[in-house]
Amino acid sequence: MTRALGPWETFLLAVLVLVYAANAWLSPEFLTLQNQVNLFQLSIEKIIIALVMAFVIINAEIDLSVGSMMGLSACAFAAMVGEAGLPAALACLLCLGIGLAGGVLNGWFVARMGLPSLVVTLSTLIGFRGVARILLEDRSIGRFPDWFNALGQRGLIGPVPLGLLSFVLLFVLLYVVLERGGFGRKTYVIGVSREVAEFAGLNTARHKILIFMASGLVAAYAGLLFAARVGAVRGDVGQGFELDIITMVLLGGVSIFGGSGTLTGVGLAILIVLSLRNGMSLMNVTGHIQTGVVGLLLIASVLVPRLGARLAGRVPA
Amino acid sequence: MAVPVLALRDVSKSFGATQALSGMTLELFPGEVHAVVGENGAGKSTMIKIMTGVHEPTSGTVEVDGQPVTLSGPRGARTRGISAIYQEPMVFPDLDVAENIFISATDLGLVQRKGLLREKASQLIARIGMGLDPDRVASGLTLAEQQAVEIARALSQDVRVLIMDEPTASLSAHEAGELRRIAKGLAAEGVAVVYISHRLEEIFDIAHRVTVIRDGRHISTRPIAEVTPDGMIAEMVGREVGNYFRKDESHATPEVLLSVRGLSQEDVYEGVSFDIHRGEVLCMAGLIGARRTDVALSLFGIHPATGGTIHWKGQEVRIASPREAMALGLAYVSEDRRKLGLAMPLSIRSNVTLATLGKVLTRWGLLREGRERAVTQGYRERLNIRMADADTPVGKLSGGNQQKVMLAKWLETNPALLIFDEPTRGIDVGAKAEVHDLIRQFVRAGGAALVISSDLPEVLALGDRILVMREGRQMGIVPHEDASQEAIMRLATGQERAAA
Amino acid sequence: MTRLSPGALRILALLLVLVLVAAFFATQIDNYLNARLFNRISSSVAIVALIATGQTLVILTRNIDLSLGSVVGFVAYATGAIVSAAPEIHPVLLALAALAIGAGFGLLNGLLVAYAGIPSIITTLAAMAIYRSALVEFSGAQSITTEDLPQWLVDFPNTQLFTLAGVQFRAAFVAAVVIVILVHLALLRLRPARALYAVGSNPEAAEMAGIDARRTVLAAFVAAGALAGLAGLFFLARFGNITVVAGLGFELKSIAAAVLGGVSINGGSGSVIGALIGAVLVDLIENSLVRWELVSEFWREAVLGFLILSAVSADALLMRRLTRLRIRREKAAPAPTPKEATS
């Protein structure tokens, strides 16, 4: 847990260097500062959510509802500001509250009712999206306050916009929490075995609910970032984002069965997915195809370590 | 004599550093009921898994009809006519009885003919003499009926060897009698039946020959006429008692730490009553299905008791969760290190501080790594844990050292009463002695210990008093002065019951 | 023994819910319970029921298939392309092509899940994206329109086979119901199909009993793919216009139908008839919400999500209570404790 780079992280770093080099070679624009900021900016919501998703999966759960929560938050914001005329700052707070509430809902069903998180968050994936659609129906709503749009679109510190800044700060914060904090330690232990944790007196249900709350909160924040960045919101905001997000986390070396993985790995995987997508965009590959490539990457990220283990003569337990 | 239908020749099996079987030899002949007896952990389960193709032997051969074979998995074993039924029957709840019986039959064609299936099932059920409706859905069957379904499933495929692993452990006396009758009937038809049971009276009722195994080795095989209960028990328990099993004098004080009266959990165990004094080691002995672990889990708040009272230091308490148990000063060192005790992929130091994480956190919830390392180092010296460094995953340690890490985790909670569940299961002799010394040190320093163990020499070496359970009932408490392996075994097998 | 089996009880409960929902909307919407309602719902159910049936087969083995929507879309486009290139093709051949393409996708999923050991949620989440992008690549982002299709195909969904009291039984619906019943009979009567239940309820015991669990899981995915392929053909016939987003969302709808229909998400229990009724329920609610004046049609997803969650929770609570009752009744061993289970 404390080693700087494990074998998988080293491998990811090599892949990243390779992708960067290939992109730079194929497109002169790739390494420009503007493109590098864009690279983050275009997927900023996904990568912010991915950081918390790492906690969810290390905890041996999954949250498929993040894309819908993000859409719900964005739509709720648009409805409150664009239609009901609420002050944007208040609307932001309310949206974050919605995120927390959604997280409590997911967490309660998983941790207290004992339902599989896959089913619970699949239903809230549909449900949260449904509420978003109730709010906006088929309208597209924009005209948010200028300061709000500026936060999403302009550089806050030099060319670095709020989204990228949030990502960096969140990364540092979560890195410390996961790798140096008691909360992170519990996340690993519960992910390895909820029974072991329960027998050691940890309150595993509370811990799981907290993680789902964090997931909902950050997804809601990402929805606000989206509203500010794009300046207009429709009911389908964030649809299908869970694929990229889960891919980033699993590619980062987090085990789908929980209990292992590092935020360093997830950070590297985020950069790989972003630069791959960015490179493909620069070469005019369509979004659907890009998504397909991400899907292949997801399968490879689970298959490759497994094949490696089998080749090394160890069949995974 | 004829060629054995199934034979193990000099079979050994090891899992990592643990030697589960060494040089096991066993011959099974058609028409015999062959009982295999041994203490918990003697290697019976491993032997069955080799005979049914679940495990491959590390060395030695398995022979069918005198020919060496490789049984590739349960399916391979079944095609050679070797089937097993277990204490926990494996039926499929949504299918009916007839389907459960013929689920893997290959000669019944593609389309299921209900009438044919029912008819064939009825024949098999009649053959084992059970009154069971083939149309009943399996989810509604009793355990005994499920077991009958499993036997019928084995018979559906021309069975030549039927292995029965503790089949009666969860059955009532009447049901168990029925099951033995079935087993006898099968043997009369020429099937070789391997019968594993802890109930000695069953073995004398049913077996033609008895094999005793101990510590993964073959001890003896005799016709039943040459076996006496006491002789068999002596062979089961009679290992070399080394000097590390010396029992030192009792340190029990008059102060009662824990007092339990009439403790029960519905349908699991009942009427458990005992006191534990400060400085005392109380051992709990018994066989599989004695429900000793369940009593411990109730005390630790995992499965709270549904009846009876618990007094802790004179106060009546209710313990509804491990957190509450820990707050009182209880700790439970589980038998199942892998599933319940340790987070195997995580580092030694994270396991040592697992139950006391708060002690190594700063005000901001950050880990004080130096503190954690110091705590771990302290236990490394005190418990003599052999490890490279504190960051090694605990799963890479030997069983004995894993046990010590688990003990360190609980000692760090500063408990008054330590509950040990099979503290030396699967660890080597040297580490065993060390663990025993640690338990004695702990009580000498003013703690108390409740030790659940199936290892009789261990029970005799450690226990100031020995509580014996059998099938969810307390059979008696034997003071150390009156205890012997034979006396405990007689209680545990229900041959007698001591006055409470 | 007059006691109903739990499965039959579930179906009855579901039918009751169906009647209650219809009765509720009848009080809310004027002129609600008429033949048009049946016709509208039956055209939509024809497609969803097939996918839900496939999904049920997969869920029975304790897995899940999120890629079915993409399979529907791909096959709808592919069969559209085939039929517009060769309008003379025999309908049976076209249906076989749809089944085969779908089964091919299912085979890929099944191999990755059963033989490479990648959890089905990961495999099919990725496959959902991969098959969708295969569709984009294959179609070159071109759409298929009704004009490209031969008349018999366009007519197929609306062909009335027979009419009963003003209620039209259209070809696609009847075909789908027949297929669901066939699969139901197969699940009841085909011996290999019974293995699905065994593997799903207790994989370890299935292996011990001599069942090839991997092959069983593979077969479930292949069958699910094939059924989704057929649904793709129905989709093409019904809508005529096929774009790259065809079939989006069917994976969730099929899971909803199966779970509402009493298929246990933990595997080993449930029936495709239940899934069919679940599909009818989902469509009934969607269609009725569209016509209910108090709420907008956009409520349907929210209601759907809520319904799945309640169905799963109710099932979990019910099963827990049933298990407890049975334990009490039998006085047998309770939930295995760690020690007794491992010794």
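Lettered A, B and C in written order, each chain numbered from 1.
In this section, contacts are C-beta pairs under 8 Å (C-beta built on N, C-alpha and C of every residue); 3 or more make two chains touch, one makes a residue touch a chain.
It should be emphasised that the depicted structure is a prediction, and the values quoted were computed from it without experimental measurement.
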Checklist outcome for this item: Touching chain B and chain C alike are A
Next on the checklist: Using the stated contact rule, I'd like to know whether A-B or A-C comes out ahead in C-beta pair count.
Outcome noted: A-C
Checklist outcome for this item: Expressed in whole Å, how far the mean CA point of chain A lies from that of chain B is 45
Checklist entry - Where the centres are mean C-alpha positions, what is the separation of chain A from chain C, in Å? => result 30
Next on the checklist: If I count partner chains per residue in chain B, which residues reach a count of at least 2?
Outcome noted: 334, 339-340
Checklist outcome for this item: chain C touches at least 2 other chains through residues none
Item to check | Partner chain C, residues of chain B touching it in the complex | outcome: 40-41, 45, 52, 73-75, 78, 84, 88, 90-95, 99, 102-105, 108-112, 114, 133, 136-137, 139-140, 142-143, 153, 157, 170, 266-268, 288-289, 291-294, 297, 303, 334-336, 339-340, 421-422
Checklist outcome for this item: Seen from chain A, its contact residues with chain B in the complex are 1-2, 176-177, 180-183, 185-186, 188-189, 192-193, 195-203, 259-260
Next on the checklist: Per the contact definition, I'd like the list of chain B residues that touch chain A in the complex.
Outcome noted: 300, 302, 321-323, 325-326, 332, 334, 339-347, 350, 354-355, 357-358, 360-361, 365-367, 369, 391, 409
Checklist entry - Along chain C, where are the residues that touch chain A in the complex? => result 64, 112, 116-119, 121-123, 125-130, 132-137, 141, 244, 252, 255-256, 259, 265-266, 295-296, 298-306, 308-309, 312-313, 316
Item to check | Residue numbers on chain C that touch chain B, as the complex places them | outcome: 1, 5-7, 188-192, 194-195, 197-198, 201-202, 204-212, 268-269, 326-328, 330-334, 336-343
